[in-house]
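The two complexes that follow have chain A in common; it is paired with chain B in the first and with chain C in the second.
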Partner chain A sequence: MNIQLIRKYWRTILIVAEMNIRQQMTDGFVLFTVLFQPIIIALLGLWMLKDKGPDAAIFVVVGSGLTGLWSSLLFISGNSINFERWTGTLESLVAIPTPFEVIVFGKNLANVTQSLLSMVLGYFVAAFAFGYPMEIQQPWLFIPSVILAVIAFISFGLIIAPIFVMNPGVRAWQNAMEFPIYVMCGFLFPIALLPGWTNPISYLLPPYWAAVALHGTSNGGASLNETLFAWGMMLLFSLIDLLIASRLFAHMLYKARADATLGME
Partner chain B sequence: MNAIEVSHLRRVFSSQIGVIKRTTREVVAVDDVSFEIQEGELFGLLGPNGAGKTTTVKMLTTLLIPTLGSASVKGFDVVARADEVRKRIGFIFGGERGLYWRLSGIDNLRYFASLYSVDPDVTKKRIPYLLEMVGLNGRGDEKVQGYSRGMKQRLHVARTLLHDPDVLFLDEPTLGLDPVGARDFRTVILNLQSEKKTILLTTHYMFEADALCDRIAVINHGRIIALDTPGGLKSHVRDLNVVEVETFGVPESVLGKLRALPFADSLSVEEQGQKQMLLIQTSRGAEAVPDVMSALDGVKIGRVIVREPTLEDAYVRLVDGAA
Partner chain C sequence: MKTISNNIRLFWQGAILSYVALFHWMRPIQYTASKILMPLAQMFFFVYLGTYATSADNRAFYIVGNALQIAAVSGIYGMSMSIGGDRDSGTLGYIFGTPANRLVVFMGRSFMNILDGALGVVIAFIWGVLLMGLDLSHTNIPALALVILITTISTCGLGLLMGCLALITVNVMFINNFVYFVLLIFSGANIPLADLPKWIQAISFGLPLTRGITAARSIVSGASLSEIAPLLWGELTVGLIYFVLGYLLFAVFEVTAKRRGTLEVF
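Take a look at the complex of A and B:
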């Protein structure tokens, strides 16, 4: 892939993301999923741990932000292709020269970026409503952790969407998949509190490594090596997800064209 | 050179029915369809609902994979070289869907221009040009959800022309438009034709096909039953005249009597609110009127006229004959 093509696709991704954010700004479901639900979780967590000090507060803020990232990925990105079919725009997006996965990448970028707002809002709630001296302990490691977490979440979303399209039965379990990931990935409390046999499952989930990096760099609890390892795992999983996604998208689109399921009629 | 070549195209839809004992049901939507469209030609595809028009267009626009046969657009196979075909085509499917209603008209165009990889500098000039061309000047900043059906259709045209495609597929583009909107839309199509675009148009409106198309293929039950110029198709009914009778509350038994008349080549009934317009194709012309009137004895009758056949009459004869 040459540089010119990457620049062209990047420009498309940014426009897709911009248009998605514009459309979703007034969507009640999106606002609840990416903003209000994480804030409610943050308020409850901060209230329950109000005697535990600022370290617990920053853990709750980052953790509640991660719940927003996962929920938006699961519900909004996961349904992004089906949404286009429901609105009758899927055919217009398939019969064009831009690869469909580039478009879904842009949509996921919009969803994940919006979800980060919930982390920022949670930060202000903890700082002003609860009066905690909120401080990111390792800011220069936290920022790359956020960027890598965004990439890991977007890439993970690229395999969820086609799986949901090709397997309506899996999509029926969507609601049931929300909370277990909060727990298994250590968003709201460390996985050390879970039974040991569940830990290997957590290690296979890209959001877990995002949680390790973001929690560790925000509260200063992670060594440089631990953070670097989490970054490496996020990059590795992103790469694997992108490779799987390219195959899934090709298969999904061929199947949709063969089975005539692109339109709703 | 041909812009579009279709050879023995066939598309079968399969669906499973039953819960315990599942059986597969197959419907042949397009069956052994072949035709060519020359560069710059405006080609019409006519047929009743479910005849296979949209399925054919969807195969040509790379949205469906043919079960058998092959098709190419600008020399590229629609399955093997779908990516090359997509760069060269634009398409409109009738109806209001396919746009982002929460975005403005301009934002919709910006979005699709980026998806078609139109250079940003070109996009800036092209969007105002297209909005003016389709008559949406000054309305581009409004959200699409506030547009009328006609405005949405016109925005579809602008969208499909963003990357200046050589070949256009217009699938029932005037469906549901008011008469003025449909007329304006036909003007847009004629303008596109004057720009040497190759256009495949499907429509239910015979006068539209008659006025616009260079050649027309009539498709029924998935098969092409006639392919000719509008004049050539009309020659199928040159030996006939049409007796039009306006009736009010004509019973089925009387329609049976009319169909049984030996000189009645075909009979169609158009429901028009309280009245029914009976269209009887016959080679006897005005001489058939007395026998028609006696068959209609006891039925309230309005005006009666005898006229030359139109493309619609030719279409009715072809479709009825193939049924």
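Take a look at the complex of A and C:
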């Protein structure tokens, strides 16, 4: 996957994303993952952090939205290729002239974008159900942070999906990979609470930098330099992830054709 | 006498076979990921969130609450998949076609999930002691074991009811996930019940886990078994009510499905 492909196939990406959203809006598992679970976590967080005052509310809203982004990426984007395999459409998608990673990019775009809904819903829950004054402190920095976070998550998802396809053993760990990222990336509490030796691991995770940028710009706790650094890290990881993903997709498709195991688990 | 021995045989075969069937797709690595590491990670998340929200002094409150909540993994997911899985795998018709005692079939399905659920909670407590500094020096361990067992039984009662709902809906995982996450709020695992609105408190006391978590916290802080006995009786009663509701619902679905010819219609 590279930038040229995105430029060339942007219409395809948008169509795939649209179709994916339409299809997933009828799936109970997807609805729960992208909407209900983050809202329940937001409610929990708002209750638990109520003694920290209104400032914590925007932190919880952004953090619970990030949990939705990650869960969606892990369970829905992670299985985006396997889903086509289960429904018998994988062979057709691989055979069409459009590069396969473009299709998966579009699917990930849909998953990540629809997950942002949970952040919006969380905002309204905090504002209306709990009566917190909700204000994004640096809106002009927050918006680019959201866009860069979306790109970082999509790129990360492009690595996860082929890894899950090629290594069913890794996919077995899927259920165990959800909450550790919530913890390691500081979605709902600072990673300073964690043992020091875990911090370098956090720095290697793109969702951590998304959390730094989104929390910092929403509650105004980050300086411009800190936000710019987080943006830079998200861009850097996105580029690295896209590069790795293009190799992984090429390897996965070659292996599937050579072994004739495209539709087999 | 023969009926009794047949029912005992049915119970054991049902217990063992349903458990084997549930794990026919689950390898040891998946079991480790779903039943040991996922609960541990979830515990870590809520314990850190709770101590960040309040104080590190309240660590035991969150560890005990979330350790007991692990009972819902087997109780809700395991039970509903044990019951509802028959519909997916096309064996529901055979169950309805046998003259087997439905109650014994139900009890057999629950048994292994209760053991597995209780084991999950014990593992969570071990994590709590080893990794999170939970102090059990004032704890009456046999009494805590009884709390764990009763709480797991009552949670499986709710799971049985969920399993019956799985027989009439395709969105089983939606319902299971929803109930599991709602329990994180309503059971008092992470929020003191007194802090919740009155209407939520009213619902909480109609749910499994709530009294069990309260009892476990009391035991860990040094209470005796007699002090928490009313809570345990309450927890057991709630669980039994759900078992009975699940059983009755199953009977209703059986009659309805046979009459309408919708046994395996999704």
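Just so we're on the same page, the second predicted complex is superposed on the first by the 255 of 265 C-alpha atoms of A that agree within 3 Å, B and C clash if a C-alpha of one lies under 4 Å from a C-alpha of the other, contacts with A are read in each partner's own complex, and residues count from 1 in each chain.
Here, contacts are C-beta pairs under 8 Å (C-beta built on N, C-alpha and C of every residue); 3 or more make two chains touch, one makes a residue touch a chain.
Being a predicted model, the structure only gives us computed values, none of them experimental.
Within the superposed three-chain model, A:I240 lies out of touch with both chain B and chain C [touch as defined at top].
Of the two partner chains, chain B is the only one that A:V16 touches; chain C does not reach it.
Legend: residue contacts after superposition of the two complexes on their common chain; A:P97 is shown touching chain B, with no touch to chain C. In the superposed pair of complexes, A:L49 makes contact with chain C only, with no contact to chain B. Once chain A of one complex is fitted onto chain A of the other, the partner contacts of A:E178 are limited to chain C, with no touch recorded for chain B. Legend: residue contacts after superposition of the two complexes on their common chain; A:L31 is shown touching chain C, with no touch to chain B. In the superposition on chain A, A:A250 contacts neither chain B nor chain C.
In the superposition on chain A, A:M166 contacts neither chain B nor chain C.
In the complex of the two chains, the chain B residues touching chain A come out as 13, 58, 61-65, 83, 86-87, 89, 91, 93, 95, 97-103, 107, 110-112, 114-117, 120, 159.
Interface of chain C with chain A (complex): residues 27, 29-30, 32-34, 37-38, 41-42, 44-45, 48-54, 170-171, 173-175, 177-178, 181-182, 184-185, 190-191, 195-196. Chain A contributes residues 28-29, 31-32, 36-37, 40-41, 43-45, 47-52, 169, 172-176, 178-180, 182-183, 188-190, 193-194 to its touches with chain C in the complex.
In the complex of the two chains, the chain A residues touching chain B come out as 8, 11-12, 15-16, 19, 22-23, 26, 87-89, 91-98, 103, 254, 257-258, 260, 262-263.
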